[in-house]
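So that you can tell them apart, the chains are marked A, B, C, D and E in the order they are listed, and the count of residues begins at 1 in each.
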Amino acid sequence: MVLKVDNINVFYGAIHALKGVSVTVNEGEIVTLIGANGAGKSTLLKTLSGLLKVKSGSIEFLGQSIVGHAAQSIVKDGLIHCPEGRRVFANMSVEENLELGAFLRKDSEVRKDMENVYERFPRLLERRKQMAGTLSGGEQQMLAIGRALMARPKLLLLDEPSMGLAPLLVQEIFQIVQEINKNGTTVLLVEQNANQALKIAHRAYVLETGKIVLSGSAAELADSEEIKSAYLGH
Amino acid sequence: MTDSTVVLDVQHVSRTFGGLKAVSDVAMFIRQGELVGLIGPNGAGKTTLFNLLTGVYEPSEGKILFNGESVGGLKPYQITQKGAARTFQNIRLFGDLSVLDNVKVAYHQHTKHSVWSSILRLPSHFKGEQEITEKAIEFLKIFKLDGKQNELAKNLPYGEQRRLEIARALAARPKLLLLDEPAAGMNPQETHDLMELIQWIRKEFDLTILLIEHDMSLVMGVCERIYVLDRGILIADGTPSEIRSNPKVIEAYLGQEV
Amino acid sequence: MRLQNKSFWTGLVLSIVIYAVIQLLIDTGALNDFAESTLILICINIILGVSLNLINGFTGQFSIGHAGFMSIGAYLSAIMTLDFNMPFVVALIVGGLTAAVAGLIIGIPSLRLKGDYLAIATLGFGEIIRIVWLNTEYVGGASGLSGIPTQTNWTWIFIWTLITVVVINNFVNSTHGRACISVRENEIAAEAMGINTTKYKVMAFVIGAFFAGIAGGLSAHMFYIINPNSFNFIKSFEILVIVVLGGLGSTSGSIVGAIVLTLLFTFLQDFPEIRMIIYSLLLILMMIFRPKGLLGTREFSFNFLGKKGEAK
Amino acid sequence: MEYYLQQLINGISVGSIYALIALGYTMVYGIIKLINFAHGDVFMVGAFMGLFASRFLSAKGLSPVWVFILALLFAMIVCAVLGVVIERTAYKPLRNSTRIAALITAIGVSFLLENGGIFVWGAQPKGFSEILPKHQFNLFGTVQIDSNQILILVVTVILMVVLQYIVHRTKIGKAMRAVSFDQDAALLMGINVNTTISATFAIGSALAGAAGVIFGMTYNSIDPLMGIIPGLKAFVAAVLGGIGIIPGALVGGLLLGVIETAVSSTGFSLWRDGVAFLILILILVFKPSGLFGKNVREKV
Amino acid sequence: ACGSGKQAASNGGNNGDTIKVGANFELSGNVASFGNSALKGSQLAVQEINDAGGVLGKKIEIVQADNASKPEESARTAQKLISNDKVVALIGPTTSTNALAAVPVAMEKKIPMVTSTATNPKVTVDERTKKVNDWIFRACFIDPFQGKVMADFASKELKAKTAVIYTDQASDYAKGLSQFFEETFTKGGGQILEKDSYQANDTDFKAVLTRIKDKNPDVIYVPGYYNEVGKILKQAREMGIKATFLGGDGWDAPQLVDIAGKENLGNTYFSNHYAADDKSPEVQTFVQSYKAKYNQVPDGFAALGYDAMKLLADAIKRANSTDPEKLKTALAQTKDFKGATGTMSLNENHDPVKSAVVIKFEDGKQVFNSKINP
């Protein structure tokens, strides 16, 4: 088991954003998390990566508790969070952004990984020297994912990677996620685009106002009437 | 294009940033009451075109006519006062104002009581403020936000923030409404609800709408005509079914699966 | 509408009571002249704080040149009473209006400048005004003007404080005030909603400057002498501290800030060696523990009942 | 002609001091967008540290060059520690608050250092020895320049280059820039934001300390309020050049020095600061982000 | 409110076994160093008086209050001392600006006020009405006198023909001195080549000094405070300006030597209230006891703070009462009072008539050069 979240509670001041959430992610899986706006999906990811603190409950990553660990030590362990809204470093070049992705790495293969990212996203190679802030939305999304890959994640948390992207790119992003996964990275994927997400995921959780209300294999959930009417828009 | 029903007439407009031609020689028009879609890959220049239409940027070349009148050189607020209102791709609410006040601000231009009357609390002030409040609540009701009128805008969930932005734009009482990716970050069900709402307000307020959106179910579902931009250039326009089968559009934007 | 009137009347009655009680205490000698001057100083600081709050707190224009406006009011009104024998009120208003004109002039570059750049520009304006006084022999240059008749008393200061608070409060709580706040919240969106942001920024500067000028005039006619150094950028900082400490964007906050800081400063007078040390430590601690100021953006209101009523 | 050349040299030497202080100002601003009004007072503390160290070391009979180097180092270290302590205790709790709240805290810290300085060292100015003996050089006959003026300019330019290198070429610099754009995203890169900000303050404050010692050596008198005016001037210089931009601080400082000298030398010294501010405002009206600042409009 | 204040004050003075004197000084803020020196001087005076048995059989008690170097605070401090602390008289403030702000308070409350070092004529004589402020007194000579002394010294002793005046234009005091220096010097046939100015807290004076050097005057009059003067002297000498520098009592501080460097103080003179190496017993006892108490050489502010307090005590003794009215009369009649800064009698404007000394620097030490009587 790569990730084991057990009964965590998270607050924003007085707002109880996660109420006893438990989630597990196994080695090699794509697990997707769906839920309406404000359900707490991003909150869960932020908690995992150490940006938010849990009030109670436990989080184990690769068999070790990471509760209370600083964000940078969680990154060091290989849990990488690609946040909502891209969050690229606007006034730094594409290349510098990628270098920052590998900030904690000291090995000699950083350059090689960068070549890999460029190979996967040729557009980024084209724009190597451009300031990230002036990229289009889709380009920024590629950069954000590329940047996360630079850290060689063991577990990659993706928060709405397809938001605001053109249909063609949405396809591309989902393909990339699958590829990354095939190359051995475990993925926890948060998506509004539930149809697509359920197509590529192995398992799924449904979050509603801070609680897990459903979980199961992706195929099962995709067929569930409940899910269809609430999230898939049929 | 002397057609008197043309509300918006974009004549060979270009805009460059440094060396980059973000919008290049774009010509398009919208007739009174139409609901027109604007699609294109990321970075195609859609938002930039909106910015040109609303006076945030000035065109490097070309002319924009709004109701037959050139809006070149006008400030954004002047264009809004002439009857064009918009929403933003990255939401720009007045975060620390209440939901109600957000909408009241947009109605401001339609009030007549002066600063003096407000400072001296003359009867015209009370009358004016009452009108604003009443109207604002009406708009909130349309978007089912009246229950949250006293909450701060920044505390709303994302989907409601999107709706509030539209409500606010509507409160400016525009003839032309420009919506920039209103469904971004919504799930398919929410998108569907939004689609119905847009159609409803169009009828109710006799609006002309220009809509940017990447969610094809929405665009194809509501738009009568669609323009497609790619790298700043208009590559196609037509009805949804024409666009859907246009090979150039498929190649640049839609991909195979739609 | 009826409710708003009710709150207005409650406020008015309360104000008159406060005024009368204090005036009575002064007349009977229960409040000596040091206490009276402390009250007057508090009120001057209230006027300064509330007016700067309109610019910084409500309209979101980062201005740190308020002492400059104040000095214009102080000098102009002093010239009016000293050299033209004008009645006090007229002198004050001349001072306020001149400051308002300066506010108009300063408001204009503010249209192009934002944030810290605007801050340094307004600071610069304040200093330029000070340097102009310093170099004008007619107003005594560095020595300043002395012999200004001490006409400011509890009655005058009370009236002007009330006017300031009522005018700014009425302005802010109207569609015009909301327009200013929308500029603070998001200028681009405000423009897109049809708000002439230029007009409202300048308006905030003009109204704010006017009352700062009035405060300057009241202060000049309280302390007999004015000189350029009393209006340096440190003075502007002091006013800014009042506003931020009370709560940026809250008129009641500025009032509370003015009261707390003036009393604190007066109280610390007995500890000269550590006065400023304690003052600065308290300042830091208050900001750390109440970063949004004592009141945040909340306002006092006279009609708690009315508030409930209004909601429905 | 010689007269004007002399005045130009005077202007550059005043300006290089402003630039030296402005470097630290602009660096801190560049990373955490805080107008650190206490910077001028850290500069003052640096001057006092330099005074104590140089007195102590001279008494030990060290050669002037060593006294200078060691006093400079001592002041820089004390100020670096002071800067970090200030950041940790006063600014860190306000990192997620409004910038204006942080600014007020900075003003509070500034008052605290000034009045703490008066409390501990008294309000009277203290003499500061030259440490390094000055040599006068004559250029073209009567135009004078002294070794100290050259030293300041050289030190300032070197420090600017070093800073620019640190911020743009080193790993910690990259971390600093990342933190300056988006602290949460920086955390997600594995950057220790606290350490990075502390490092920024340490470097910025050490620079202020160095400037304090050099200032003391040049003008030979220091007091607890000495930081106010140079601090303000340095801030103006930083804004002039484009705040946050390291080479901008140098150019802004020199420009300010030359403007001031030009005004004073034509007999209008009382208008000096007024003219300096007027030029600043004019420049800002035409270049709203300073000379070197890119006028990045928010993307809509 | 007027009458009650006065009554309360005189009652307070007569009660108890101490006589309260309010000290309204700049203890914080930008001229804190002046106020602190003056306060130390007056505290020393009180200690000496009380050790000698006090006055009228009572001890004097100083109630100190800080005016933060701001005029408006100075006025309020005076109010507080009079109304809350019920002092019988005030001493201070040190600067003319702050003193002027306290003047109307003392006048209204009818409480005598003796400022130690406010040298501007306006303090004791109302500028507009030309009437003497009958409750206000001072222990120092006024600006015109000092400026005149140095101008005479320049033309008569130094035989100077040309002068440049370099003033702290933001200081009332320095401006006053310059004005009267200029008047007297030109009357004596000298020529003022140029008037330049700097501002307090300036550090670099080379721009203007370069300009002055070009004019090559016989003397340069710099009536400012030692902090800037020290830097000016140093920078001027380094630039090779050889002219004689002249100044006023603002030069009087031990730090001047540290700042300017003793090698740069050659050929400089300044006017002062007293010289620490003056052999007269009043001066020597003062300097010795000050050194003993504070381990410092007293500056002019301390000496005048001391004298202001002694002047007041002397008047109380002569009035044989702390009644303000009587005290005022006694103060106005002060004659041949021997203070640390010389023997003084108050004239009809309440300004002391006393001699000034000219001091010269030799090897970094202040040396008494000459005494000039009014």
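The rule is short, and it goes like this: a residue touches a chain if its C-beta (ideal position, glycine included) is under 8 Å from a C-beta of that chain, and two chains touch if they have at least 3 such contacts.
Which chain is which protein? Per UniProt: A, B = ABC transporter ATP-binding protein; C = ABC transporter; D = Branched-chain amino acid ABC transporter permease.
Because the structure is predicted, anything quoted here is derived from the model rather than measured.
Once chain D is excluded from the assembly, the chains that remain, linked only through touching, form one piece.
Graph distance from chain B to chain E, where chains that touch are one step apart, equals 2. Shared contacts of chain C (ABC transporter) and chain D, meaning chains that touch the two of them, come down to B, E. Of all the chains, the one whose CA centre sits at the greatest distance from that of chain B is E.
Of all the chains, the one whose CA centre sits at the greatest distance from that of chain A is E. Chain pairs B-D and A-D differ in how many C-beta pairs are in contact, and the one with more is A-D.
Centroids built from CA atoms put chain E at 36 Å from chain C (ABC transporter).
Averaged C-alpha coordinates put the centre of chain A at 31 Å from the centre of chain B.
One simple way to say how far apart two chains are is to compare their mean CA positions; for chain A and chain C (ABC transporter) this gives 50 Å. Taking each chain's centre as the average of its CA atoms, chain B and chain C (ABC transporter) sit 40 Å apart.
Among all residues of chain A, those that touch two or more other chains are 134.
Shared interface positions of chain B, i.e. residues touching 2 or more other chains, are given as 56, 88. Contact of a single residue of chain C (ABC transporter) with at least two other chains is seen at positions 134, 188, 273, 275-276. Across the assembly, chains come into contact as A-B, A-D, B-C, B-D, C-D, C-E, D-E.
Chain D meets chain C (ABC transporter) in the complex at residues 29, 35, 90, 93-94, 97-105, 107-112, 114-116, 118-119, 232, 235-236, 239, 243, 270-271, 273-274, 277-278, 280-281, 284-285, 288-290, 298, 300.
Across the complex, chain A meets chain B through its residues 34, 36-38, 134-139, 160, 163-171, 192-195, 229-233.
Chain B contributes residues 47, 51, 56, 88 to its touches with chain D in the complex.
Here chain E touches chain C (ABC transporter) in the complex through residues 1, 4-5, 27-28, 64-66, 68, 70-73, 75-77, 79-80, 82-84, 96-97, 100-101, 103-104, 109, 120, 122, 126-128, 169-172, 175, going by the rule given at the top. On the side of chain C (ABC transporter), the complex with chain B involves touching residues 1, 4, 8, 167, 170-171, 174-179, 181-182, 185-186, 188-198, 203, 249, 297, 311.
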